[in-house]
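So, here's a batch of structures to check.
Two complexes come next, and they have one chain in common, chain A, joined by chain B in the first and chain C in the second.
Here is the complex of A and B:
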């Protein structure tokens, strides 16, 4: 009997595996993003000078590039999970569960609405 | 009439003479109505009788003829040669399993896992025959119908990268069949199955890649079944933690 050996780079041979790996990496990156925001609070607590210095550091081209990359991974993570929600836990209003595409669309609409509400509050709408 | 030809690149492994698997090419004639299994049968009947592979029904029912065709786990009896991209049909044994010979892989591990999840209607006590059959309403059948379509072809295991990384993982088909019986209104074995499925090597190893459902020739959706099992296992665990013993079923 010849044992099975998985080849290195297996996840590069199937686009769905590649997307899966991006989703998993996106989960790790989302956690990093959260830590960054928490650290931002620490700097804010230290005073105006410390916070401004941190914001200036985040505005450098290198930091902006890294942040854009992190944001892209967070987006992949969010969108791929939105695609999976309808499959992971079928949502039923009638006998038949909602189609995964419909659940995805509902999530996108809710996401836009919530983001809009947050932006409205943050930029002094209330 | 065969007016075209195609190259079959078939993975060979004969344990009595090969140290490791290698490819062997066969150029054969084909017609548009031929499936990959027909091509393999042509090779065995006319070119190389030593080629070894499994098959039986030729109509996508028995689940015997699974193989990796140009990198994707599929039933050879359901894959038309004309559908395969390129001029070469590359046939490998199903990934993630040890090879016994050529395209024949070892399923013993799956059969052991299948046995563990009790793939049958499990009742604490059978009612007397005089009381008649167990009647089910259409919606009760619908609750498990999709998972009952599984033909144990193992394509889902061949596609699953989690099983490829950890052979201890109970895997898609065994989980889907466990879910099928848990959802059956006649069954009373949910607790015993969830005990098996909730272990370290059970459903929690699944990271929801979803490829098992993509390759399933019967649209069983094992990935969806596993996520539903996770919910059932979580509810059961919370009940055990929070509710008094007499309220549990």
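Here is the complex of A and C:
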């Protein structure tokens, strides 16, 4: 029996592995956004001037570029998570498992609906 | 098989469903719970985070929305609704547990097995403290005194 070991850079050799790693990175980036949102609440509680300064800091071209790059990872994470649900199917409503593509499509529809609900309930609508 | 990697051998250990053998092993309780929270955080993050980022950080600078939609007064109006407070709490807590659990496993897989105890303390510590911070800043900051 030999000890199991992956080669360095194994995830660069196959697009599927690369996408897997991008989702893993996206999970970590999501936590960074979680910390950013927590910091936003701290600045909110400090008052109007502090909160406005926080938003202004994130509106510079450099900050927007960094945020856009990180947001790309969040989107990869979300979309590949929906793909994953179709394959894992932790919850089943039917006797036989649904096709992965069908589950992915259902999740995309749900995602649009949930995003709309967040837009209206949390941010007051369009 | 000898060497420093001998004890790092995922997936190669035979699992025996023998009740006598199983009874001697400590019950695995914490690990499945962490993976459960990770999975829940993944759902929360995938469904709620993208729209939140777009509205908060991109819509105003790109001219899609007036600044008043995400200013201090707008956030304050949202905080009058318990559902909105819960939204911020669940989003922050869920993303922190999801991301930190993932990072911990990625770093251990990358070879930092010896640092596992330190990673557990630091990364789960960030997730727990961040979630407690979110609880304070969303729910408890203006709660009656016994809850503060």
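Note that the second predicted complex is superposed on the first by the 110 of 126 C-alpha atoms of A that agree within 3 Å, B and C clash if a C-alpha of one lies under 4 Å from a C-alpha of the other, contacts with A are read in each partner's own complex, and residues count from 1 in each chain.
Note that contacts are C-beta pairs under 8 Å (C-beta built on N, C-alpha and C of every residue); 3 or more make two chains touch, one makes a residue touch a chain.
The structure displayed is predicted, hence computed values, not measured ones.
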| item | value |
| --- | --- |
| Which of chain B and chain C A:38 touches, first, second, both or neither | second |
| Contacts of A:95 with chain B and chain C, given as first, second, both or neither | first |
| Partner chain(s) touched by A:124 [first = chain B, second = chain C, both, neither] | second |
| Touching partner for A:29 - first (chain B), second (chain C), both, neither | second |
| Contacts of A:55 with chain B and chain C, given as first, second, both or neither | second |
| Partner chain in contact with A:10 - chain B first, chain C second, else both or neither | first |
| Per-residue touch tally on chain A - higher for chain B or for chain C | C |
| Intersection of the chain A residues that touch chain B with those that touch chain C | 1-4, 24, 90 |
| Contact footprint of chain C on chain A as seen in their complex | 1-5, 24, 27-35, 37-38, 40-42, 44-45, 47-48, 51-52, 55, 58-59, 64, 67-68, 71, 74-75, 77-78, 81-82, 90, 110-111, 114-115, 118-119, 121-124 |
| Of chain B, residues touching chain A in the complex | 13, 15, 20-21, 71, 95-100, 106, 139, 161, 164-165, 207-211, 213-214, 221, 223-224, 227-228, 231 |
| Contact footprint of chain B on chain A as seen in their complex | 1-4, 6, 10-11, 13-14, 16-17, 20, 24, 84, 87-90, 95 |
| Chain A partner contacts - residues on chain C that touch it in the complex | 1, 3, 5-6, 8-12, 39, 42-43, 45-58, 60-61, 67, 69-72, 74-75, 77-78, 81, 83-84, 87-88, 91-96, 98-100, 102-103, 106, 126-127, 130, 133-134, 137-138, 141 |
